[in-house]
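What follows is chain A paired twice: with chain B in the first complex and chain C in the second.
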Partner chain A sequence: MQIRPFRLSVLSLSLLIPAALVAVVLFLVVYSGQAMLFNGLHFIFNINWNLGDLYSDPVTVNGISVPPGANYGILVFIVGTLLSSFIAILIAVPLSVGSAIFLAEAVPHRIRPVLSMLVELVAVVPSVVFGLWGIAVLVPFIGHYLSPTGNGYGLLASAIVLALMVTPIIASTLLDALMQVPKENRESAFALGATHFEVVSKAMMPMVRTTLIGGIVLALGRALGETMAVLMVSGGGINILPDSPFAPISTIASFIVSQLDSAEADPTNMSVRTLSELALVLFLITLTVNATAKLLTSGALNVRKRQS
Partner chain B sequence: MSASVSLKAPRSVLELRRAVVSNIGWVACGLALLLVIAPLLDIVGVVTFNGLSAFSIQLFTKSTGGDTNGLLNAIVGTLVITVFAMLIAVPIGIGAGVHLSEYGKNKLGGVIRFLSDVLTGTPSIVLGYFSYIVFIIGFGWGFSLAAAAITLAILIVPYLARITELALQQVPNSMREAAYALGSNDATVVSKVVLPAAAPGVITGTLLGLAISVGETAPLIYTAGWSDYTWDGRFTHAPVAYLTYVIWTFIDQPDAHSHALAYAAAFLVMLVVLAINIGVRLVVKHGKTA
Partner chain C sequence: MKILTNLLRSGVAALAIASAAGAAHAQTVDVPLIESGSSLLYPLFNAWVASYSASHTGADITTTSTGSGAGIAQSIKGLVQIGASDAYMSDALVKANPTMMSIPLAISSQAVNFNLPGISHLNLSGPILAGIYEGKITQWNDPAIVAANPGVSLPNHVIIPVHRLDGSGDTFIFTQYLSASDAGWASTLKYGTSVSWPAIAGEIGAKGNSGMLSAAAANPYSIAYIGISFANKAASSGLGQAALLNKAGQYVLPTDETITAAAESVANTTPADERISMIFAEGANAYPIVNYEYAIVNSHQPAAAIASAMHDFLTWAINEGSSPSFMKPVHFLPLPPAVKALSQAQIDKLQ
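And now, the complex of A and B:
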């Protein structure tokens, strides 16, 4: 085979992408190896996160050196991550479906691009600016009007901020799909005497259902890994499962950030290793969700659409 | 707006109910749109108002620390981190995009595309933590510009590759064939014909990558660290300040002076990110209609 230097060089550049991904997974796995041995599998179901006594001499457990009293339970963070994201999706779905329908059908052609650009811009506002707005506007609002304790930081604030951040993902996916529904389908529904809203809700929405679900799962993947905005409004609850919408929570991502200082103080590095394991757990969760979204949108599971 | 409005007086209870349900439906949809756009306008309003009231020339001449009103170290840091991240990401991202578009119509291309999507979907904090254990702990660089720039580059490359690929796909095949027929080799076809024709798309991708790197926080916390001094030219063993750090830590300080700086930083970051995104969208739309 002929050697083509140009093709080889761009190929090697593009191979850097898989290489980076493999390196990320590999180093997280290797680095968290000792933590996996120490924590076992039950740390997923344990709610108690304790760095142990960092100033005493480390003790040796099963041949692994850890600070005395160290115990790394991550259930609180898994629950916080899943719960805040699911509530966010519950809020985001009606918002984005309503906005997409309104943009597709009710808005005059001239202002549609402006409004749909505004919706898209919600997605590009940096996470940390959302967090700032959360602290300045949303948290005081929740604390003043909704929360019985007067504290606005917590699960609900996190979920609302997350919902706002992922709404544009669902809305723009759905808007694109709605605009592609064939004219004939709309017109036949009108001809049957349906009102305009019935045309949208009963004739058009069923056609874009798969796309909608794909968009929702994609948004879920984004919400699960969101860090800064959640960190700033979540209240940083640890060692207790949330029992109300106003309870402080931590997500895996926000917890990793918040642990930087204490992890650096650990002479055995075991907490740094466990955080690495935690990052791996987050990676696996988002990978599963994103892969599901990809299967849904690529049409591998899209039997209904193919038949019609 | 809706067809039901134009209906004559309803003839039956059922028809009346359908008309009412439809109108309620439209109102609900309109409210949903309002609830999505209103927070955006509120964010822009709150940040602009508070940011502008904290604005002074000192922001650009003095560094943080003590009682100064400066953000110079953070502004310089964000600029330097972004420039070096882009210097790494642009050649790799565009090169990968060229490969995927021009020679990637096979199994290998499919695998690279899939793994690139996986990397795009990976939470940025995971990438940041990876860099922490490899560059900061493993290589012993300490919090540093090099670690921060590489981390952001890992984040941006898959976006850039995908946008470049899509842009190159828009170039008609006849142009490639014409160039090959004139005796050009692969490099000439791509650099003289395909890339110039797809330049607007590639530049769009680069600008969006720039906006991402200016607005990101999570991957920098574990890599760049923080410093009250302006960047001293070292790539390793020297933490770097950046604007988004100011936003999330200074807002937690008790004093109004720190809050003002947080808003000023948020205003600068938001200005850059929104300007790039609005500009890109307007230009792209203009190009389509022209």
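And now, the complex of A and C:
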């Protein structure tokens, strides 16, 4: 057999990324093993989270040493993560579809690169900046004009901040695809007497549908895992499921960050192990979302190739 | 990772010993020290290190702000030499790590701030605050609050309680006050840097003292507990400071006098390991939410040079470092003489 040094070196390099992923997942699984034994499966449906009394002597429950009163229920955080992300997507999709179509169809050639660069610039704004804007502008606005209790922190504020963060992702993905719709399709639709709206909605959008779904999946991935901006405006609700858009929530990612420091003072280490288990749950959620989207459209993968 | 840090540390120690042996005259040994932990202590450590490095050639101290829990955990693991914490180490942690010491460096306190249009003075007690944060007292004109504030016309409006959503020494001392003064809170929610906050409609979880401040300032009819370092900003944001009911039955505001009174009433009963709560202290004029700010250090350092560098710095911190020029900007107070002696005794244990 012939030895191919190029192929071998590239192969080993390409294996590094999956290997790193497997290593992280393995670490999480092993590290949170004891927490899995202690929490069982029902912790997914439990809404009460309590680190327990970290300043008393640990007690032994079912042979596992935990702080007295420790009870880890994570349903609130799963619901908070999914709800805020899906509402964010609901807000972001019309915004980004509208702006992509505007940029592709209605903007003069000379201004288009400037505007589309601006849209892409928004995608690289650090999330803490969005969080600060949320605290300084959005939260008081919601509190003043929308919320019946006068409290602006919560589900709606988180969803809007997330929506603004992911809109440029969807918009720039979609814009790239719209620009690549063959001129002939567009012009023949016009030639058939279609209005501008009909050209866009009937001749162009169907061709970029898979791209759109791909962009939404990318956006959802970012929204599900966003930490800092959500932490700043979510109101950090625990022990309660949100019952209105103005209810405080916690997402998995922001909750892990907010609890980690206290968890490190746990002499039994069970709190940190449970947070690792929570991280694993978040990983599973994002994996499921991505896999579902891939099933919905096998062409979605091409988007990323084209974008780069 | 561990091997790497050990290697690094022993290398550093060897270098330090070599340089110490080379330099015959008295000079601070060149050992890099790392401080990490409490964000409340961070500004003070920064000011200390700048001044200490200027007057001690060879001093090399890095300060980082992570969180009290991280400060304790990293100090135990030996990743940092000085862990900064608003809370002392728990019995269970001390039992597991008998060489770890909690050394008070300064005294801090906390204000309970309220945003009530038109009202500048308000009396509150532990049981009232416990009721508010448990969701049992929901209106500002609740009979319990009215009874504590004769002559004040309280609004018929829902209370918006604001709490920290990140782990915090401020939550620790606030919930300790509630536990010490309210039996119901003590038996259910207890105290900690994070607690399982009961669900209340309209409540806000905010991040950091600055987040607490902006949430309280943006929401009229809210109440929040905020570290005393933020007192000036709270006042300029229009927030009032509540007078809290102390153990002697007096309503007191956090001032230098009332905080000192609390510190002095605990000074003589502080044990040798200095792990004691100053919350709800005795004394007619004692403010009830006062705490020591701790350095969490391991008495057994891997090299004598490291121990001596830490000894020099911490000794300097509780002596020269407690001058008003360092304490005033962060609203901390220096340790009373009796406690300073105990801290010095613990610092002398470094080896």
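Methods note: the second predicted complex is superposed on the first by the 272 of 308 C-alpha atoms of A that agree within 3 Å, B and C clash if a C-alpha of one lies under 4 Å from a C-alpha of the other, contacts with A are read in each partner's own complex, and residues count from 1 in each chain.
Keep in mind that, in the parts below, a contact is a pair of C-beta atoms (placed from the backbone, for glycine too) under 8 Å apart; a residue touches a chain by one contact, two chains touch by 3 or more.
Please read all numbers here as calculations on a predicted model, not as lab measurements.
Three-chain overlay on chain A, with chain B and chain C in a clash.
Legend: residue contacts after superposition of the two complexes on their common chain; A:L231 is shown touching both chain B and chain C. Look at A:E187: by the touch rule set out above, it reaches neither chain B nor chain C.
In the overlay built on the shared chain, the residue A:V257 is in contact with chain B and with chain C. Contacts of A:P18 after superposition on the shared chain: chain B is touched, whereas chain C is not. In the superposition on chain A, contact is made by A:W133 with chain B only, not with chain C.
In the overlay built on the shared chain, the residue A:I240 is in contact with chain C alone; chain B does not reach it.
In the superposition on chain A, contact of A:D53 is made with chain C only, not with chain B. Touching more residues of chain A than its counterpart among chain B and chain C is B. Taking the listed stretches 150-158, 222-230, 258-266 or 276-284 of chain B in turn, the superposition on chain A shows a clash with chain C for 222-230 alone.
Across the two superposed structures, the residue set of chain A contacted by chain B and also by chain C is 135-136, 231-232, 257, 260. Within the complex formed with chain B, the chain A residues making contact are 4-7, 9-11, 13-18, 20-21, 23-24, 27-28, 31, 94-99, 101-103, 106, 113, 115, 117-122, 124-133, 135-137, 164, 167-168, 171, 190, 195-199, 201, 221, 224-228, 231-232, 253, 256-257, 260, 272, 275-276, 279, 282-283, 286-287, 290-291, 294. If you check the complex, the residues on chain B that touch chain A are 1-4, 7, 18-19, 21-23, 25-26, 28-33, 35-37, 39-40, 42-43, 46-47, 50, 91-92, 95-100, 102-104, 111-112, 114-119, 121-127, 129-130, 133-134, 137-138, 154, 157-158, 161, 185-187, 190, 211, 214-218, 221-222, 244, 247-248, 251, 262-263, 266, 269-270, 273-274, 277-278, 281, 285. Per the touch definition, chain A reaches chain C in the complex via residues 48-51, 53-58, 69, 71, 135-136, 139-140, 143, 149-153, 231-232, 234-240, 248, 250, 257-265, 267-268.
Those residues of chain C lying in contact with chain A across their complex are 66-70, 72-73, 87, 90-93, 95-96, 158, 160, 165-168, 190-199, 201-207, 211, 214-215, 218-221.
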